[in-house]
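Below, chain A partners chain B and then partners chain C, in two separate complexes.
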Partner chain A sequence: MYGKGLRPLSIATVAMLAVSLSLIFFYAPLDADQGFIQKIFYLHVPLAIVALIGFVVGGVFAIAHLRTNNRKWDAYSYVAIHMSVIFGVAVLITGAIWAKASWGHWWVWDEPTLVSFLIVFLMYATYYPFRYAIEDPERQARYASVFAITAGAFVPLNFMAVRMAQSLVHPRTFATANGGLPGEMMFVFLCSLVTMALLWVTLVKFELTAKSASGQVKRLRRALDAPAPGASSRIAPEVS
Partner chain B sequence: MHTLAALLPLGAPALPLDEAGKYVAGAFIVFMVLLVVYVAIMAAKLQRIERELRELASFAESRAKGEEAAPGRESEAPSISDSLASHGSRGGGA
Partner chain C sequence: MTSSRAAFAAILAKDLRSELRTLQSLPAMALFAVTTFVIFRFGLDRTQLSGSLAAGVLWATLLFAAVLGINRLFVAEREEGGFDAIRLAPIDRSTLFAAKATALVIYLLALELVAVPIFALFFLQNLGGLLPLALILLLADLGLAVTGTLISSMAVNSRARDLLVPLVLLPLVVPLMIAATGATEPLLALGGPGYERFGTWLMVLGLYDLIFGLVGYAVFDFLLED
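For the complex of A and B:
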């Protein structure tokens, strides 16, 4: 069931990746201030936006889990957070590369945008040990959902706080005093954003499909009373 | 805009293209490497699932053969189709 529509989604994602990369390097104009380095913007910012929205989506799935007590939503929440953490790793690395090229430092500790994202990332990094410190699956799912909701609510609050903070280092992309991005840059940026969103959805579907298949195999094994192949190493919630 | 953009690398106070190119390439390569590593992990997971399914299929086949050889024990061990049917309504996930 989870694999339904995965093929066209994957094809669309790959096509959009190709289109976005072409637009970034052959269509988007060079930035007057940063020059070629600014191309990282089309990768780094959409990744960050999708990662942060993914954390919030994980919280929304967690609400659905607590409301319905259906473990399916817990698995959705887990996979959404898991994928956003992976995107977060990419955000931190590409951001550090951009910072080194642009500011001459891999990391700037007095920059609110950077530090706030790191705090959000580290908060979600604790999701895994928190979750798997609890052995009972029901309690594990319930507590993980509470964590996902609390942390998911923190993300937009954190974003707004950073927007209100005064900083002269990290650029503001939208709604700046100078009018933000020119049309061509905005078009390429939006294409990149759609591409990253598609990639996130595709990878979430892949992960859910794999978990569902793994769950079905376990149920089949139980139904056949077949011996398990060694100790189970599963740490993620099972989707059946 | 494009004409202006083409002139910018010469005049803008940015890193020269040969130096900036390394960082831009680095950022995009990191992204692609992460993507490839993830796909590789997913491929390994799928291989494991496929191997487990193969084991289960051969286990089920050998059990079915054993039941055919000893028909009197049929009532004790349900057939594979019965086992699947009894759990099939819960299958499919979402």
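For the complex of A and C:
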């Protein structure tokens, strides 16, 4: 049921990835100031935007779960947050590489966007031990939804607080970069953003499909009275 | 309306009375805070603190001491069946949230009543910043209380309850700590209290309290279902 439309979606994602990468390397002009390394911007920033939106989307699914009491939405929320955490790792790594190349340090505390993202990432990293600590699956789903909603409200508040903690005279080199982007760069950036969003949706769909398939296999096994091979994950919700 | 107000008063009075009789949390929190000050004195190798260092030491200590109290907030409810009683009682479940958060605010204020004067005695030269500091303490306590109550009520029903509160609460209160230390830093400056961006930080604290107060109020019902 979840696998419907997965193939065209995957093909579209791969095609867009190819288009975006060729645009990044062959079409986008070299940055006058930073040169070649600036191209990581087209990966780093879209990944970060998609990850943050994914976190908030996880919170919206969690609201749907609490309202309808349908466990399906908990699975959606879990997979959305799970995928965004993985994207978050990529964001932190590409960010560190970019920081090293353009500022000379692997980590820069003066950049509010960087610090905010780290805090949000740390917050969501506790989602896994949190789920793991609650045994009853129904309670786990409910508590995880409460966590996702609370953390979703936390994301914008945290960005505001961190930004304000910087002294006002500090120049925001990259935070406002979008406004000053030349047309060609903007086009490539938007292409890349669409690609990353597609990639996220595809991966989320893949994981939901896999979860649904393994849930079905488990139910069939149970119907046949065959023992399940090995222990199944206690954190991830089952999908029917 | 009156019934939930009565329930609120009853739960709050029960909490405060049992804390007064058993003294489970507060003395431990205060003792922990004072010991932590001593550790900071040697860890930083300073006998006097001011500015950002003073704000950092004060808030880190208060936060970790608060975690001790937050850990224990719902232990009695779980062990003595208080959750079931609330579920059976014909009252709004958010009453429990409001009463517990209020109790936590009172614990934190009591903790600060002990810890802040000792902090001033140990480290501060200029005491002029202490009065406006009370306003920051109050607003930060509100925020800590609402998030702490929310996390604690979930953690107490998990396998790893002592682990879960610090793990989930600390990242959640980072914005609160940013605002609290940001406002405290100029207050404890060496040359007397300053009020640089004081109002802005108070607004951030108020916004944090408001948002998480509303979130806690909205979701707390789902935590008590069984």
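In this section, the second predicted complex is superposed on the first by the 213 of 240 C-alpha atoms of A that agree within 3 Å, B and C clash if a C-alpha of one lies under 4 Å from a C-alpha of the other, contacts with A are read in each partner's own complex, and residues count from 1 in each chain.
Basically, a residue touches a chain if its C-beta (ideal position, glycine included) is under 8 Å from a C-beta of that chain, and two chains touch if they have at least 3 such contacts.
Remember, predicted model here, so these are calculated numbers, not experimental data.
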Just from the overlay, do chain B and chain C fit on chain A, or is there a clash? fit
Does chain B (first) or chain C (second) touch A:122, or do both, or does neither? second
Answer with first, second, both or neither: which of chain B and chain C does A:165 touch in the superposed model? second
Going by the contact rule set out at the top, does A:146 touch chain B (first), chain C (second), both, or neither? second
Chain A contact check, chain B vs chain C, more residues touched by chain B
Geometry row: CA centre of chain A as apex, chain B and chain C as ends, angle in degrees (steps of 10) is 130
Contacts for A:134 in the overlay, against chain B (first) and chain C (second): which applies, first, second, both or neither? second
For chain B against chain C after superposition, the smallest C-alpha distance in Å amounts to 23
Residues of chain A touching chain C in the complex: 66, 119, 122-123, 126, 129-130, 133-135, 139, 142-143, 145-147, 149-151, 153-154, 157-158, 160-162, 164-165
How about chain C: which of its residues touch chain A in the complex? 147, 150, 154-155, 157-161, 163-164, 167-168, 171-172, 174-176, 178-179, 182, 200-201, 204, 207-208, 211-212, 215, 218-219, 222-223, 225-226
List of chain A residues in touch with chain B within their complex: 1-2, 21, 29-40, 43-44, 47, 72, 86, 89-90, 93-94, 97-98, 100-101, 182, 184, 199, 203, 206-208, 210, 212-217, 219-221, 223-224, 226, 229, 239-240
Residue positions on chain B within touch of chain A in the complex are 1-2, 4-6, 8-9, 12-15, 17, 19-21, 23-24, 26-28, 30-31, 34-35, 38, 42, 45-46, 49, 52-53, 55-56, 59-60, 63, 80, 83-84, 86-87, 90-94
